[in-house]
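What follows is a set of structures for review.
Each of the next two complexes has chain A plus one other chain: chain B in the first, chain C in the second.
Take a look at the complex of A and B:
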């Protein structure tokens, strides 16, 4: 085959990994033997895993990161095509049930080196400080065991690592530093949001985005092609694939693509000994002194539950019984309308303008908050929205689709409450690896529904005030996945501690959106990366004090200064 | 304010063909390969049996009726190709079979419902009888044993209508029809504001481009 297919054969092998910045290019990669216990084997390479792999490798630890997905070079592998780019989504078989069964795949699950950040919408927001103590300060959910001021430090680190483009001053909440790169210009869809906010008397701003507004190294600024959620083919998007992972490789980490982890083993001492993974047609076992699980809020609990053994019959790290529980999505409802003007919202990142007004205003009859943003759906997504959420088909659908270039929409990222009944369990059926597939159960609670009603009513007024006509509400969508292995300060009521370390198995760590006790009303990727940076620093400190199992106190060997 | 949906001609982007940009700076090599491959798919089944395929064609003509002024999109062929490749959405309700089995069972059930209600196959029904049957499916008013555990409305929502509409809007002819810019790497766009059209974007009939619309659209590269 003249053209090597990254979905067919592992690319990261033979001492080299793909150079994501050059067509057909390679960078050197250190490799470890399966039999050689590495300091950290990490399951996943997404926002949590890739960030942690980078920071641990830079501290001098030996790191192997395994991902079930392919190792793409965006410049040569990504088409400007919605159908083709479904190759970025996790589309392995999953069962969904509950009162509000979740749609998986495109909107919330990535299967690629770099994880879901390869197709995320790049919206990079900080939590509201009070959310880290939402139980104590706001009366709902659960407190995080981390102080917001510490998180503010790590948010700044991640914003700089990704050269986030954003406004000079942010309208809401505690003072934050200026964003590293300037904000992107507004497209017409964003101007609709701005007009609506101004008519309603609330603030709006340019959305802080992880896509370049100025050159950076070998990456060019964003060209506003608008295919962000199907993968950026010009490398403007600051995904984990093109930010943390090149740094990780340069510091000696190994990345294994097309490597599906099926099981974690524990020894007679109750500590984790390594992971079984499937790659290139066979099952292998990587030995490790520490295991980090970072497969996002479905695959993480699935792996912990699938790793049940005689010593841990209910799944590992599960003495609290909370592995898989408290699954939280974010509500993702929208209002849509048509403008007399041409909008052509397909140009530019889909969410160039945002208001977080209802995240910071507590004069509401429900708990939690929401942000809403401008939208830019591509044709397949838009047609599917008109069909699935608006119920149009036949001539009605074809007529409505002709107004594509006049459509404007506002969509929320809304907080849902943690509920133990929303959970990931194992179904009896198995996947292509012979592993039991996840069953994902989700139901909205009354508070979630009140929040959604509030948002649809408010956004409908805002969209109308901006001049849109034929306004209708999309009532069924969700995005993001969090919870299922929450952190806390009580081993009976949480799965990991503030350092993402399992209460039960001290050399097992969970570092992704699973650890969120609450989800807030903002996209989670920045917070996941900030948590990973904090975890890396905590591991560094504990290693120096000799507090890590199986790691001699002499580690780490060296500390590199991250390059810009 | 003028209602933007009123007084618009059937062909909103006359003369626009997104494929005229194929060899320009808006299409990278990977996009050319992917779209070329899709355009080579014809209305011949590889997954469906011949009678199943005819049924998919009949249903597709109702769910995504095609305009007379543009070439026909082989919707059934595109649905068939996706099933032949074995692609999945990645989630399903507990009582829904996986993609291929759902389609096979659903088509058999549609045929059984047509014969039960009218004594004829779906393709032999009048258009209004066909639409009536699809509406009953959407509303969960069909109960033939051929459905098995699969709820008719779930088949409608997650397979039949979904897969047909996604196939239709995967095709460049549909992109041209709605005036979408299409593939855009690496050139992207420059003009982002209201009524702000890059010279490589489709001009709309009735816009300020006036009588030049067809000429503009034919010149797009």
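Take a look at the complex of A and C:
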């Protein structure tokens, strides 16, 4: 038998897709012909796309989801090896510039079926309710066109769909329902955070995580292996790959792996007609009644801009001129120190304890907020951190690495302000598919820098109070990407409406982190999935009322039998 | 300071228990009693039912001790026997199991000194162990928070060996009591059957609390996890009825105790299934038995329920007991 390399040949083909829960197993998959206009073709399979694919397929729509990445089998394909697992990151050519050029890859983008949720740190937090109206209530950024109470409903749905393991009661903000699973045991690194918070007189809690603290179906509970951010090999991690996508397949959706979408076509009526995609060595065209773009905040605007045509010379869905604008990362600075006792922070999920104190306390001299969490860097990452921050190499690096088991750190996920100068544009260079590559321009503003300074100073005190020595600050990291196709109430000042529907092209939808008007100080994955669930419900309602282009009203529910 | 006070509390509980146990060794002989209680030639007239009930209690105590031996063995091994005191429940429950076997086989209507001492020791171990477990949880950062209740030493677990000791000790008292026409067998001058019923009722509630906490930790992810938190409290209620009621047949209580016996053993089966759902299943038994639900814990319910059955028999034969 030939070696089955998921990066070499598509796995989801011939009427079947990999069964992520059984070694070598397959699940039946319905397949559609390129010429057959499907109700929805979805670009991507990550937090936004996978969730939406599942919910739309369960409503009876015909759905094809395309992903440039491979269809991995977590039980077989994931090694306890940092280098090997770089296969999960999107490391295609990109140009980065601005005052603070972003480091692309591990911390902010994935290339796999399931998207970057396959290697995300599983931190599943809700926005602070006020952030949905941050312009009106807090005086910065932009208001969301969605009410927080509606989001609270969808957060609960996603938390249940992922069986989030969280604390029995959450110390901050509006009441939320109990997390479906209980929190994991804290590791020593998390206890360092807790000790620091107690000393500083602020609250802390166990981080709500999308990894199982008890069995669920065929997924095993977490074994605290610690390689979470390089891909979970036990399926404890509730990534899109093992949650929404199996449901989507069971409901008749088709997933095409190793399928890079290069262009969206529009017809003479100005509506989208389908997507051009590259798979198995050739360009193909999938016809569709609706197109959903969910490639995350770099690939989404890149695809919209690359789809420019005579009718839409500045890129499609771009009458506002905002496609690619307002790119927001999250600041990801850290303080590190050495503890007297062994910490072995790599044991268990990396961020087991959290404080959201500075997300909910407004007594500060900057806009926005930040959360900080305990850390568990794997050894290679830690060596890289030492190299990057201190220029250590050779003997000095070896000596520093001997303290690895004693290192504890605190790292923020901090809000950055939306700025139009931070943007994704197209460079002239092309990638392996012949598509123009993105140029990513990013600069921190004064408010962003104030927030970072505040966090480093506070975390330094907390770490010191917890008993750490040799404390130093890592000042250069960022994570997560959002906001290059923002949603809003006004077609002139936003790309999509509250339903993630393009103002310009009514059968084009954008459903990922790109639609965020602001990012808040929490990891975005839960919010992306909640928005996808909301979008699915809105599509359902609009379809029933006959308000969707090219979709007849009240479509009968299909019988869910995968075709051979 | 916090540590010290907790440690003192734990030592205090232990010392109190020892004092109590010692004082019970020298009861003032009631006027109507024959003092030479271990003199077989002087054996009081027992109904054979009393000895049978006592032997059944020995058996129930033995089952509880088995559960403790296996459970504390696995869990304390998991804790790497970090503190040497963690060997204590293994030794004590092992000894309790041995003397319970001896008691189950022993037809003589008299208490046995070695059994007596061992059962008392088991009860004291349960109390001291509870103190240790409270100390372990209380000294952790966050104190008696959910995190520490879930993942620190289980507060209720040592109570199982306490119950084993109490039931065994009661069995010995039963053997040596001399029922006359006016009254049935007694334990510490209290009607034996009714006192035992109270102990079992409280024991069932305590064990339920332990299961409730740990099953809450598991988020009741399997509906079967509700069984040990719903069935035993009903059993506790029925045993409370045995304790205070006037009727003697107690058909419902009897059937319910058999249900709990079955539930306890079925629980181990469910826990085995739980272990199999961890990565690698039983092929990776050496890790998964430690990581999964505790295999030997559920039969504590069976042990208590068996004691309940013995107790109901006693009340049936001696309505005043």
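Throughout what follows, the second predicted complex is superposed on the first by the 553 of 564 C-alpha atoms of A that agree within 3 Å, B and C clash if a C-alpha of one lies under 4 Å from a C-alpha of the other, contacts with A are read in each partner's own complex, and residues count from 1 in each chain.
Just so it is clear, a contact is a pair of C-beta atoms (placed from the backbone, for glycine too) under 8 Å apart; a residue touches a chain by one contact, two chains touch by 3 or more.
Remember, predicted model here, so these are calculated numbers, not experimental data.
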Would you check which partner chain A:215 touches, where first means chain B only, second means chain C only, and both and neither mean what they say? second
Does chain B (first) or chain C (second) touch A:481, or do both, or does neither? neither
After superposition on the shared chain, which partner residues are touched by A:182: those of chain B (first), chain C (second), both, or neither? second
First, second, both or neither for A:109, with chain B first and chain C second: first
Comparing the two partners chain B and chain C, which touches a greater set of residues in chain A: B
Counting only touches as set out at the top, which of chain B and chain C does A:388 meet: first, second, both, neither? first
Just checking: does A:248 make contact with chain B only, chain C only, both, or neither of them? Give me first, second, both or neither. neither
Does chain B (first) or chain C (second) touch A:327, or do both, or does neither? neither
Considering only touches as defined above, state whether A:97 meets chain B (first), chain C (second), both or neither. first
Return first, second, both or neither, reflecting whether A:234 touches chain B, chain C, both chains, or no partner chain. both
Report, in rising order, the residues of chain A that make contact with chain B in one complex and with chain C in the other. 185-186, 191, 223, 234
Residue ranges of chain A touching chain C (in the complex, touch as defined): 163, 167-168, 180-183, 185-186, 191, 194-195, 198, 206, 213-216, 220-221, 223, 234
Chain A residues touching chain B in their complex are 76-84, 86, 89-97, 101-105, 109, 185-188, 191, 222-227, 233-234, 338-344, 346-348, 378-380, 382-384, 387-388, 393-395, 397-399, 401-406, 427, 439-440, 467, 469-470
So in the complex, which bits of chain B are touching chain A? 1-5, 8, 12, 26-31, 33-35, 38, 62-65, 67, 87-94, 98, 131, 157, 161-162, 165-166, 168-170, 174-175, 177-197, 201, 204, 207
The answer for chain C against chain A in the complex is residues 141-142, 146-147, 150-151, 216-219, 221, 274, 277-279, 287, 291
